[in-house]
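Labels run A, B, C and D following the written order; every chain starts at residue 1.
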Amino acid sequence: MTAVTDAPAPVAGTPATGAARQVWRRLRTRPAALVSAAVLLLLIVLAAAAPLLAALTGQDPYAYHDELVDSARGGVPHGAFGGASADHWLGVEPGTGRDLFVRLLYGARISLLVAVGATALQILIGLVVGLAAGLGNRWVDGLLGRVTDVLVALPMLVLAVALTAVVPRDFPRPLLLILVIGLLGWAGTSRIVRAQTLVLKNLDHVSAARLAGSGRRRTARRELLPALAAPVLTYAAILVPTNIVVEASLSFLGVGVTPPTPSWGQMLSTAQTWFRADPAYVLLPAGSLFVTVLASTVLGDAVRTALDPREASRLRVGTAKETAR
Amino acid sequence: MTPTADPRTTGHAPAGRPLVEVRDLTVEFDTADGTVRAVDRLSLTLDAGRALALVGESGSGKSTVAAALLGLHRGTGARVTGTVLVDGTDPAAAPPAVLRRLRGGLAAMVFQDPLSALDPYLAIGDQIAEVHRLHHPVSRRAARARAVEVLDRVGIPDAARRARSRPHEFSGGMRQRALLAMALACDPRVVVADEPTTALDVTVQAQILDLLHELRHETGTALLLVTHDVGVAAESADEVLVMRGGREVERGPVGRVLAAPAAPYTRRLLDAVPRLDGPVRPPAPPEGEPLLEAVGLRKEFGRGRSAVTAVTDASLTLRAGETLGLVGESGSGKTTLGRMLVRLLDPTGGELRYRGEEIGRLDERRLRPFRRELQLVFQDPASSLNPRRTIGDSIAEFVPRGTGGAGTRARVRDLLDRVGLDPDRLDAYPHEFSGGQRQRVGIARALAAEPRVIVCDEPVSALDVTTQAQVTALLCDLQAELGLGLVFIAHDLAVVRRVSDRVAVMRAGRIVEQGTVAEVYDTPADPYTRSLLAAVPALDPVLAAERRARRARHPELAGI
Amino acid sequence: MRPSSALSRRLAVAATGLVLTTGVAACAGPQGAGDEAGSGTGADAAPRKGGTLTVLNSEAQSDFDPARLYTSGGGNVPSLVFRTLTTRNREAGAAGTEVVPDLATDTGRPNKDATEWTYTLKDGLKFEDGTPITSADVKYGIERSFAAELSGGAPYLRDWLIGGDTYQGPYKDPKGLASIVTPDPKTIVFKLRKPEGEFPFVATQTQFAPVPKAKDAGAAYEEHPVSSGPYKVVENENDGERLVLERNEHWDPKTDDERKAYPDRIDVRSGLDEAVVNQRLATSAGADSAAVTTDTNLGPAELAQIGSDKELAARVGTGRFGFTNYIAFNPKVKPFDNPKVRQAISHAVNRTSVVNAAGGSALAEAATTFLPEKEAFGHQPYDHFPAGKTGDPEKAKQLLKEAGFPDGLKVTLLHSTAQNRATSPEIATAVQEALAKAGITVELDGQEPNSFNEKRWSVKDAPGFFLSRWGADWPAGSAFLAPIFDGRQIVANGSNYNHAQLDDPAVNREIDEINKLTDLKAAAPRWGALDRKIGEQALDVPLFHPVYKRLVGKDVKNVVISDWTGVLDISQVAVR
Amino acid sequence: MTRYLLRRLAGAALVLLALSVLVYALFYVVPGDPARLACGERCNPAQIAQVRARLGLEDGVLTQYLHFLQGVVAGRSHSTGTALVPCDAPCLGLSYQTGQQVTALILERLPATASLALGALVVWLLVGVGTGLLSALRRGGPTERILTVLTLAGTGTPVFVLGLLLLMAVCAHLQWLPFPTYVPLGEDPEQWAWNMLLPWLTLGLFESAKYARLTRSSVLETLADDHIRTFRAYGAAERTLVTRHALRGAVPPVVAVSAVDLGSMFGGAVLTESLFGIPGLGRTLIDGVRQVDLPVVVGVTLVMGAFVVLAGVLADLLHAAADRRVVLT
């Protein structure tokens, strides 16, 4: 054959091997992303080590300290800064005197566990539904589309409140929260997966797979799923902070984890009446929530931009539905 | 056309100095993969009223030169060295106000893709008026009137009304006319046209080139034409500068360079360009068995009132060892027909027989035994390979099962060797290959299935002309060797002529003419075929002028 | 059992569990220092007539029909419109727990065994349209309350009147109820199934307000109920969210000793967030300076703020209503069938934590007795199973060992998720934490208020261990002890309040005996003794009695807080 | 166009129908007996039975649902004891708890929700779009960096946290604003505006972060488009490019997303409403859920769903109007 003379040209699409390296190379140059990753990592370590830290400070998240609050003044903690002291680093809870530092740490466990679990569930359902809609015939697509519409039209927070009332109390609450958020919040994922599938299935290399005589399922597994990984993972990066907020909102509405288990939303919910009398009580969970959501948003953004700068802005719009306001 | 014919010779350029002067221009970009030198010490001059074509394949740096003339690299991080003077102004160093005067006022740019080059939200007339007012202190109303005037001038019918249309309401050719009108509205001294006709069909391309010629003749504007198509250069330029890898390869009057190229690269380039007067294939082999027969094939998309008929009443026969060329302009339905032939699309009506057996209505499962026998080579070698899998993996999927792991691997190596690639690269990913190499992988993949019929859907249109020649040659070799039936789909009449035994011409979903190469090209029966042939640029400027004159005399040949 | 006046609305909120209404605490709140003042403010100047009194409430007066209101006089605002046969004595403190005549000339004349009560109407009583009020109007008002469309009132008439249990109201049964007799337009006689010495208390309820049959519009009557009191309804928007009352010219003050009716106009605005109500009262700007609330208490965080502001503290009215929050046991469920287990829990409870959880010592007083600590209830102090200030886990452990649980115990506590600081998670976790020290592991079962109530009021499904509370329908022992401990009050298919499902013949007999007494002064100590006696069985653990603190506007005068309602009486308030 | 609208509206009706079925089914399994709750405390079984019969709870869930549908389509009437009160179509039934007509209840609560949503819209269009535009204009500079941090901070703050912090800062410490109390517009427009200011800011700023990002990325995306290159090549100044051409590219997405957001906000912003005590649809719905007040829940859910669905249609129409290339099919 004749010698090949033309030089390699840049190409669209990112191969799997290069992606991780490329993402890392781009992330390395963004200090904000690195700081966020560090903050999240620290938070995960702190949350995981909560019992250890509780033992270290000698505080139990559930132990009452009646002597630390002023019973005659509504139970406001004695002392400045919400009763912060050498024993209670971040002060104590009004009314009970429970240690806030340890409760915050335990609260982080719930927030992270529920957010990550719910995200996984949303992605899973969204993938299955989106693929089915994208690959199925007109009827399947139409039906799933309407189902998604119904889901979007549902007031999610309210339905979650109703659902948590239906389920027996002995059902583990964190799991229930994961299920409720996961089952109600997959519409965005499925829409993205469907849109991507519609694009992908007309790509030549997917058509080519048909010419090799492979069936639909095999095509979906070998050609579509790997290509969907990038958009879906980047969308997941947006979903995690969103779900942290949704969990907090549900707890704020009083349908989160069962007391006395602490969660940030539940702390905020009880704290909201205290913001003049004991500002520290509000600022601690609010600040924790803020830092966590901010860090995961910044990191998610950076990862997404690193993976596909152009796709980034489009995905953002898809999150409008899950907003808890 | 001569400088003296220009009513505005009192430009800033001192007498005797060229209108555009580029000396030792070097442009470098920083990319993630290191510094790329797009233009390397290039020099050129363009006198007022003259036309210079920059010709080169992709990556030759020709568009970068055009952008440098308007200072479009400013603020992008590109490093520009050397001297550029446009009518005495240095676009790289001029203060912003002067630079803005230069842009449009002195040198107006006409971009390649007319759809994206216009603001989708604004009426075309308003866009032209806006640009006009940037260079002429006139009222809004006057500017709008001027916009209508120039639109009328570039041949937009009912210009006053169409000026209120938005770009998407125009056809591709009309948009390109509107872009020319925009340039015209500024009364520039030089028009820089960057691949102005690449996105257009051949008949529309001819119209635009004719218009460009006419306008230049009328206003005496100089032209810097950037193109990959030697034919376009031959049609439009006085001088040609061949570029490769950012450097000048050869420069000279267009007739001289095309007729007697001095540089080996130019020669190779010209040899690779398919011509309507070039060699044809040896006569078709004796009649083989009919492999694939289509009778009255039809395809509709959508349903009900919104249904669109893409192909209707398409009948053709393909025999073993034969190449059937399928030509047509964009939207003619040739790709749809090609995909129906390999059953990637389900025909809405008609019959499709493979070796006598009806396969047009088989479902996916019953179709499976035939799948591997009918293969397709895709147009875009980048998207037809899964970027996440090695090419060896992609090809192996097409090797019939039962060969065994080691056997499959040996077969893949064999195939890679067969299509001229290094067999050791089977574990490489598609992005590590060039466009031409990827197309070879695509061919190897089609061959792996041991097919009897291969439909090639514009297999070379995304490739540079020298690579085109190599890939078409490969296809011809393989066909002869394996006795395949080949359907070669292309918009380029010259390419089809070079590879085909028989040719079918499609227009608006129908096959309007079908016959041997000699019949169709030498004695076209259908007027559409005739207009297509008339629109193909010639490589000889003299001939081009003649044909332009003929088109002007017979508007029906162009007035599609 | 339903607390009176404003509080009833408050509890309705709690019962339906509006977690959301809690909102945020006062914003531009009070500053300064000072301590809690008495109930009356602005007492230095004598109250005068005139002006507009603004009422800022969180809950709308959505039921403004005398048949549908539960409490004495329908609480505060309705008692300005509805007069009843008898009413509360509108005086501060203990004197306010007495019943006094209203429409009637006296508090009722019983026959010998207190099964027949006769009332005579005063002269000169008129509706707002000038037509005279007759005994038939009173009878008709009572009969309407039996219609299903107009449910909501207290159950006593159904339980006490002969034929009351089957009567379906005048719409379905126009013949009326035979056990209410009106021999003439001035006289009305009630025939009861058994002796009821406290009938005069029941006659304070709004069902005893007259309703002119000609004006009855069924369920729509609440849009404009016909006034027999000092004010009439001139505006009723959004189902009672905005009410404007103006003077009823046909009300004759000579016939009414109780209602002072100083303001010319009452402007009720509800649907406000509780924090907003308190904030506006604290700021007291503009019309708010002449404002009170009839349903919004100060919360702990607000108290923490007020603590240091003398001016504000002087405007806080403090009251105590007959109300007890307690842990209920259902001895039908193991291991609470074992008295030692119940006693162990009684010993283990840390009332300091519980009181803190309920809002601190200013809003809750630790309780060891079931009856509220008021003379009217006949309260007798006792503490059968002392837990000290913070619980006695050692004693509890010992009792558990004796009960056969040497390694501790695992139980589930039912509570509600309402943020009411009564049956809410805060109280439950405080109990949980204290019991943990005694080796009792408590699992919490927090339910939405509706299902919480359904569970605890169910004979079949009631768990063994839950939070509960009880408020007196009127300030007497029977209203407290009979529904809770009378074995014949165990309601199998309806709402059961005898959580312990106690059916002790001795207790039942004593209740019947005291009920025969029409001399309430004599009855009271016997109720106290009965409470003390029942307490020995450890059927419940009294936790605390709530204290109500409410703000009034700067210009509000003559704040009267009785021990009956525990909150200010709107009929006494003046704004000039 | 008409065909498109008809098709979308039919789709919307279908979605709403499914929504009502779903809510009915869900509430059928929610614990809690509406009759007992409506009856009040200390009701005897006979009374509860009467209430149950009056509320129509004795019928099967299917019959109840069909009655509900009948009410929506043709209206129905309810007994008040003395008379039958007609409830005209679309009748969403009577509240179990208060006996109020749900349609009236919704109309009564809607103004509060609408004033919250519309005010927030103004805030996010001014602040959000303004911020996005500014950071696109100043890209690469320190201004953009500061704005990016602010925007990210906005994205990272749950609305109730933002509201709480604003309350703490604006009301408690600076005492610039009174504590918000909802005053109906019709009653006192000035008070209404002052009291809504903080809720507007809270919800508007919360949404602003999203719009800032959307605007910025749309503008930057458009700036990278070929037609910007055209105008640059014809001598247009950079500022003109952003304000005249690139901003136009941000209009369709901002308009479309605004319509969708507004739609879902018209259904009630539960958290904001509860934080500021605004008597809107969101709180009505949450209360309804807690009180097992099925007619209220179904009614409000349907209205909310209708707003969301119609906002979707509106978003598409506006998108098509803003971007003529979009063809509605």
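Here, contacts are C-beta pairs under 8 Å (C-beta built on N, C-alpha and C of every residue); 3 or more make two chains touch, one makes a residue touch a chain.
Worth saying up front: this structure is predicted, and the values here are computed from it rather than measured.
Chemist: When the C-alpha atoms of chain A and chain B are each averaged to a single point, how far apart are the two points in Å?
Modeler: Each chain's C-alpha centroid was found; their separation is 47 Å.
Chemist: Could you state the distance in Å from the CA-based centre of chain B to that of chain C?
Modeler: Their C-alpha centroids are separated by 88 Å.
Chemist: Taking each chain's centre as its mean C-alpha position, how far apart are chain C and chain D in Å?
Modeler: 38
Chemist: Which chain B residues touch at least two other chains?
Modeler: Expected reply: no residues.
Chemist: Listing for chain A: what residues touch at least two other chains?
Modeler: Each of 165, 253, 272, 275-276 in chain A touches at least two other chains.
Chemist: Give the residues of chain C touching no fewer than two other chains, as numbers and ranges.
Modeler: Touching at least two other chains: 19-20, 23-24, 26-27, 29, 275, 448, 451.
Chemist: Which word fits the touch map of the chains here: line, ring, star, complete or other?
Modeler: If you draw each chain as a dot and join those that touch, the picture is no line, ring, star or complete graph.
Chemist: Per the touch rule above, enumerate the chain pairs that touch, sorted by label.
Modeler: Chain-chain contacts present: A-B, A-C, A-D, B-D, C-D.
Chemist: Quick one: which bits of chain A touch chain D in the complex? Just the residue numbers, please.
Modeler: 146, 149-150, 152-155, 157-159, 161-163, 165-166, 241, 245, 248-249, 252-253, 268, 272, 275-276, 279, 282, 286, 289-291, 293-295, 297-298, 301, 310, 312-313, 316-317, 319-321, 323-325
Chemist: Under the stated contact criterion, what part of chain C meets chain A in this complex?
Modeler: 19-20, 22-27, 29, 275, 299-305, 307, 350, 352-353, 355-357, 359-363, 390, 417, 419, 425-426, 428-430, 432-434, 436, 444-448, 451
Chemist: Can you name the residues of chain B that touch chain D in the complex?
Modeler: Where chain B meets chain D, its residues are 70, 72, 96, 99-105, 108-109, 111, 113, 116-122, 127, 130-131, 134-135, 166, 168-169, 179, 182, 186, 306.
Chemist: In the complex of these two chains, what residues of chain D are touching chain B?
Modeler: 225-227, 229-237, 244-245, 248-249, 251, 322-325, 329
Chemist: Contact residues on chain B for chain A in the complex?
Modeler: Listed in rising order, the residues of chain B that touch chain A are 32, 57-59, 339, 342, 344, 364, 368, 371-372, 374-376, 378-380, 382-388, 394, 397-398, 418-421, 429-437, 440, 445, 449, 463-464, 466-467, 470, 473-474, 477.
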